[in-house]
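What follows is a set of structures for review.
Shared chain: chain A. Partners: chain B in the first complex, chain C in the second.
Right, the complex of A and B next:
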């Protein structure tokens, strides 16, 4: 066996998962089939709010190829209520959430019936034969109107549209001062209302689920981020015993939170397959996905920042309205709460108060979307810091520096009571300014402004942090979350010297197979190629809490490391026996146990073979090196970074072009720099898309008008700039690997950097805000003194720039 | 209707419904599941294949329209176990994360380089604007295409596209992506 010479961790390894993916040798759920497979098609409500007075499915039942048709009433006893794992307050109210609506629909796109047919096309054809009578109810669309005294109510039996009111107050918590006092004593107050528009995760692989009930266990293949959580939740929701369910997430396309869900379609597929005793599959169309898969963001943020004239911040008050949509899905109510501890960001606020009202509307339910709560918080505070700088006539970076936690002040306990373990905001910012050419660009900005150029330059800053590595179980407990935040792993030492790593993390594009192999190769001293990573199947990887919240490396890989430590401990005992020495005399490096001060050594894979044979083991030693570990983190990790964006705004058209984008992220120790860079790029794209392009728009009847890729504007390659990325590396001290997590960083940081830049470009026209997405129409209107607030121009479908031309983007 | 198509070097004769889309025929009847469906409005490009040497979105072509055509999918690119230069460049430049958009991206990139063997960054971005990726932010995809253009340059004769066409013409040599 060959010991690895160059350490694997830190190496820019091309990924092992690519071999399948670049050749089309893929196992997407929709690729799979089993004998006798039947296909599902869902009939969805075209109206946002109505009583279902009747459903006639008789004609559909007789349609060609149709095997069965079910309504909500038909499966009411089996479908249960879709789970919400995060009741944020003790008095939270929530409606029952049937997978198929029974007597009322509460958003346009809600499923009301399902057709089971031999072919997919036949299933879809039969939908047209179903006749539903709706008795329409008033729609509830606007957040502020929804909580007014005389508001129409989405769920009449709840009597209110307020689901929960959640408060954190630093004075009450004893972690800081009283914000009202800070506001009363403030020399400067910045008061703003920002809107986080509704977004759609819009992952590229549509959701798909295949349920085969013909085995001893019912097997569920699903395009999910959370096979383990899904198994438990399907069992609890439908009553199918957990041990009779096997969930497999085969190749799964990027999810970005959008596949962190227990979907109505998964529940219905399980119920229908069980009832018919036949395998069924459902794969959504893109329009179905945009319409009915959960949406993200959608908040109204009322903010008050208190400061002294010298620029020192003294208090921050946050008042949120968060749109739940029509139902509470898996973690819907917790998403805004995840932002509660991040509004204070990297700054030393002495007083802070956060209050959030969760509100029902007759729209598609919201839930996690990349960043989940933290992008909203970061946007608010980073926009406010720019506004404070403008108010005081200060440089926005210098003002931030005055208020941020200095590198020698870590560990630092924030006004929310979180302990930031490490960071160096000065270093990341200095590097970013240098890469950006900050002073030169400011000079050009002045020059263009003086010249009255029709194209104005704006510079936006975002110095962000986030909490990731979700999460210490006891913290989740204190937030009333329904589960823990640990992760599980196991390592199996095969007799031939190869290694299997079992992980509860469930990769869907992140490159866990490569990164975990690198970590294990280093730890056990085996070649990278000799490590196989198994995941995403509750049979091979029986325990886990899956992938979201930038947790895989900080929690999942830590579990792998802990399992590896146990393997080495077991092997050491056997190696000592083999070489007839004391365990303490052994040194383990590069995969070999060496008797200290001698040439005598044996490799861990030789020990694995000896253990397999088990002919000569020390007394009482089990013939196995295999080990498992479950790791629960003590604290979150806190990646940070400085993002700088320069935009050119054409003041005649309102068109925004990103001229330069620089980010320097500090994600701690890096296992694979190529993968980290890729995560940053993808995150930036989604954050920039929120700033400039994307918005889910409902018309006044509650119909989604951005229900296709021709209307919901995912940026294409021409809509995004080249990113200049770099890193500083301040290891996390909360985990042994020193890692912090990177999945959400780019998304969280980039949105305010871009909007700050756009506002900065046109501030001299008297503009201090432009609502997202900053479409040409909105920017132009702002420059020309028109309204830019909620519902202003640009709120139409397809308001973003996008690349969609008259051909609809087709070739 | 009965149609005959040659896909990645193998000829298939099938009965298809007049409304059947080419992409569904490829996936369901022929088993070429490397080619995927990402939308229903011809916006995403995930389904891109080569039809008689030209890239097309196979969700916007009816199977019957492909009667008599030679089709290359991502599964027919590698030869003798060696990846096509664009597949290799995508791997080397980390131009994919989940990989769902990748087959379409690679097929479109081959077409792009066939039209313009020496593109600059903007030309690559424009050439790929009909293909959406939600994971990568495109930067590494652009880098991969520029890298592949470099690799293909010293040997001016077979561009990416002709190579793919040749692969189609010599089924006996197909390996790798073939199943």
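Right, the complex of A and C next:
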């Protein structure tokens, strides 16, 4: 009878998608095949900056199994320029971005030719037969050098490496005071330069695309986060009409922003398939992925924090250089700008100025990576707050509390003009301190310090917030973003009482199928198992803006909820007709319409069947309960939390071991605690990895030296501590569900907590910064009075897999 | 990441394997566990015309007791070395080092012989082999010869093995009753050594009677820390004397610089890790 007894929302359900993902009972893009499929292999530039003086593909064309070979020149008319949807300023300069380089290569790894062959191996074999002559140009690698007077330029036609200069000033915006005045009047100034090293998203499933042009519509399967955006952008870029394109994102194995892209390979696959009239597929290797898929972060942050001696912060000035890499990809220039609103974080800064210069270099383009702009901002402010505490001899948590927005001050309009709807920093922090054993660990730290122990303990804090739920369309408009921030959903009531939910969100590991089912099961009063979630195919889910920026639950699920409300409204009318009562007499709970004060009731599934039969409907009612909704949020949501990290630093070797990690996140109402926990764990792993392990390194010739997982260090479970996680729950007031988003929280919060802990452990050696990743050598060097950025690209070969190529291996 | 095409043969005896190598000429390559070779092939850093797979030669695999020595067949996997009772008793250092190699998947396929022939200076099994004064048995068209570990490793990824020879076994003098420890330093758990130290010691009445110390990744080849050994022998097994001896660990080394460690830091690590390794071995 009643479908759901216990509410589904809040239930720790195992994810319904996991069985097929974990057992491999699904098809990833690379598993797919169609009759007559041909395979692509890309030849990539080994040099970072050069004129292409000639490309000879004749031998490759004659190689066994080869069907065609194309250079950039061959497809110059069809490939268009890769789209950038976010011109951050009116005077932003940007180069044309061919998918296959035509005259010039601008980063090592840029594609210069593509081989089409019957077999994948044959395609790869033929690459070796292509002969390219490069006339090398000077490389542009260093951000500061790139904007110097006499700098070599990446794109000579632009005449500069500065793409855009974007400024927010609270005095000019009327949202706060003048930061220069705050600095002039400051009793304490903390001035620092921090480096956000370049990272690689390192999703698990490599990128893959299959294009079949043989139908009336051309079908593109891609391991992408953004099937809807991809469809539109492919149409705009290549001229293939939008209605002739169908894009499918099958199960996708992670993205972290790395698949929030319209890639050169997708464009080339479409162009080549169209030209040959044959289906083609491309799947990258891991090293191809590390080299050529977009990278993340890479900023130099010059920061000035003004404060009074009593610890009250009075101003914050942020001056960024952001590395675009060689081209502007889909949202490249906007990533640092997303951070602009987050440097002030949870604190009541009266004056704020943010300026960012976007800079071209001869490196792989950067773009969104988990957090996109916000981790960089959070790192900067949370490191500065610890530095201010150290400068004033204050407890870092107490100092934060003095400056943060109190729970009774919400809603609070920040110095950036954002309205934070809700939050309770006191509650999350109190819980985190308790779980952490803060006072005991501080006591141990003192004891080890007094004893001169070779292992020193450090404690790091990060009380972060972030803006999720991208985004109110009007805000995106004011930031010159090329699209809105709404999301679409539809609900179909099937005659048998089952429900199909169509969502424009495009899950690639997040668990939307489970969460959306839980929400709809509660709303319509149907069993969880009776809900099927359809997504990722522009044919079944024709409208959407896809998944990134922790937007799916706050925007995508809200659209689902809105569609559900329409279904109930339609069903109510029919139910009233069936039970011969007024609509107002009906109450809807647990999937049933009950006539108030009576036992008479009708289930929504019975209504669905009656509507299907359509034998007896009220006049003017169309025979369908199906409904669609497009939801545009009024505001962002603002998850927050307190992360505390204790590290042990072996001062003899510089090795950092995380001793304890506690986080108490407030992500609002929780639909499924298992999913939230999973997102937090994964996020922590990535944020901790930025602090301690990961860095994409280029040598002085612009070659990526961290081109395999032997060199680009990802931590495994063994390297990470047990995570003590808990939550406080302050519902968001900007959406009906009260949800805030959790996809990026762990990544955003954890990096500064770890680095703060490392610096805290060795501060008594005179250390106030260590550049990320805090490698053992950097920590040891800093302890011993050396620079904080020791290491970097090595001149000679060391051992291990990564050294094989520089020595010719064992051969 | 697809290797260039190659021919493949899988002989079942050492003689056939050596013949196959000789017949295939310069561009033939032995494949054992493939854990180092396959990445090289996939990245097309090498394109041998023929692979001679020695994984199906029974006599190359297994561990036996031969009087004063253990004989470990070249294709014995890391996993088998880890589990072997003879190794545990007579060559605990080798077991300790093997425990730190890669992950279970790699240890089930990778072979002891393959690791030694590959001769990666950061590989973890070279230093223990050197420390234990092992001998490597090589088989070529002209028959067998034996090379001391000290003479086997000649340069980065380079050994005394000739193109037409096979490593068939490693003879390790028994170190029964010795304390042993392998101290490996790497940034994450599953990674090659930045520096590592292999130590075996025999303590008699609180005094170090014999000591074998070798270093991983401190030169193009594994190096014996002679000065440390000399300082240890005859010293009491105390923290102070161990530390004093370990201070000699970097003498005569010529490590490379890379992103993880410059020369000075590597030499510093060698001293710190040697002290820790000897301390652990003495206590073991």
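We take it that the second predicted complex is superposed on the first by the 786 of 811 C-alpha atoms of A that agree within 3 Å, B and C clash if a C-alpha of one lies under 4 Å from a C-alpha of the other, contacts with A are read in each partner's own complex, and residues count from 1 in each chain.
Note that in this section contacts are C-beta pairs under 8 Å (C-beta built on N, C-alpha and C of every residue); 3 or more make two chains touch, one makes a residue touch a chain.
Computed from a prediction, not measured in an experiment: that's the story for all the values here.
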{"item": "First (chain B), second (chain C), both or neither touched by A:710", "value": "both"}
{"item": "Partner chain in contact with A:176 - chain B first, chain C second, else both or neither", "value": "neither"}
{"item": "Partner chain(s) touched by A:511 [first = chain B, second = chain C, both, neither]", "value": "first"}
{"item": "Partner chain(s) touched by A:777 [first = chain B, second = chain C, both, neither]", "value": "second"}
{"item": "First (chain B), second (chain C), both or neither touched by A:681", "value": "first"}
{"item": "First (chain B), second (chain C), both or neither touched by A:287", "value": "both"}
{"item": "Chain B versus chain C as contact partner of A:718, first or second or both or neither", "value": "both"}
{"item": "Touched partner set for A:652, first chain B, second chain C, both or neither", "value": "second"}
{"item": "Which of chain B and chain C A:485 touches, first, second, both or neither", "value": "neither"}
{"item": "Chain B/chain C common contact set on chain A", "value": "121, 285-287, 710, 714, 716, 718, 803-804, 808-811"}
{"item": "Residues of chain A touching chain B in the complex", "value": "14-15, 17-26, 28, 30-31, 121, 202-206, 251-254, 256, 285-287, 508-511, 674-675, 677-679, 681-686, 708-710, 714, 716-718, 720, 722-723, 746, 803-804, 808-811"}
{"item": "Parts of chain C lying in touch with chain A, wherever the complex brings them together", "value": "1-2, 4-5, 29, 36-37, 39-40, 42-46, 48, 117-123, 156-158, 185, 187-194, 217, 256-262, 265, 268-269, 272-273"}
{"item": "Chain A-facing residues of chain B, complex", "value": "17, 19, 27, 32-46, 55-57, 60, 73-75, 77-78, 83, 87, 90-92, 94, 96-103, 106, 121-122, 124-126, 128-142, 176-177, 179"}
{"item": "Chain A - residues contacting chain C, complex", "value": "120-121, 124-125, 128, 285-288, 652-653, 655, 692-693, 697, 705, 710-711, 713-716, 718-719, 775-777, 780-781, 790-801, 803-805, 807-811"}
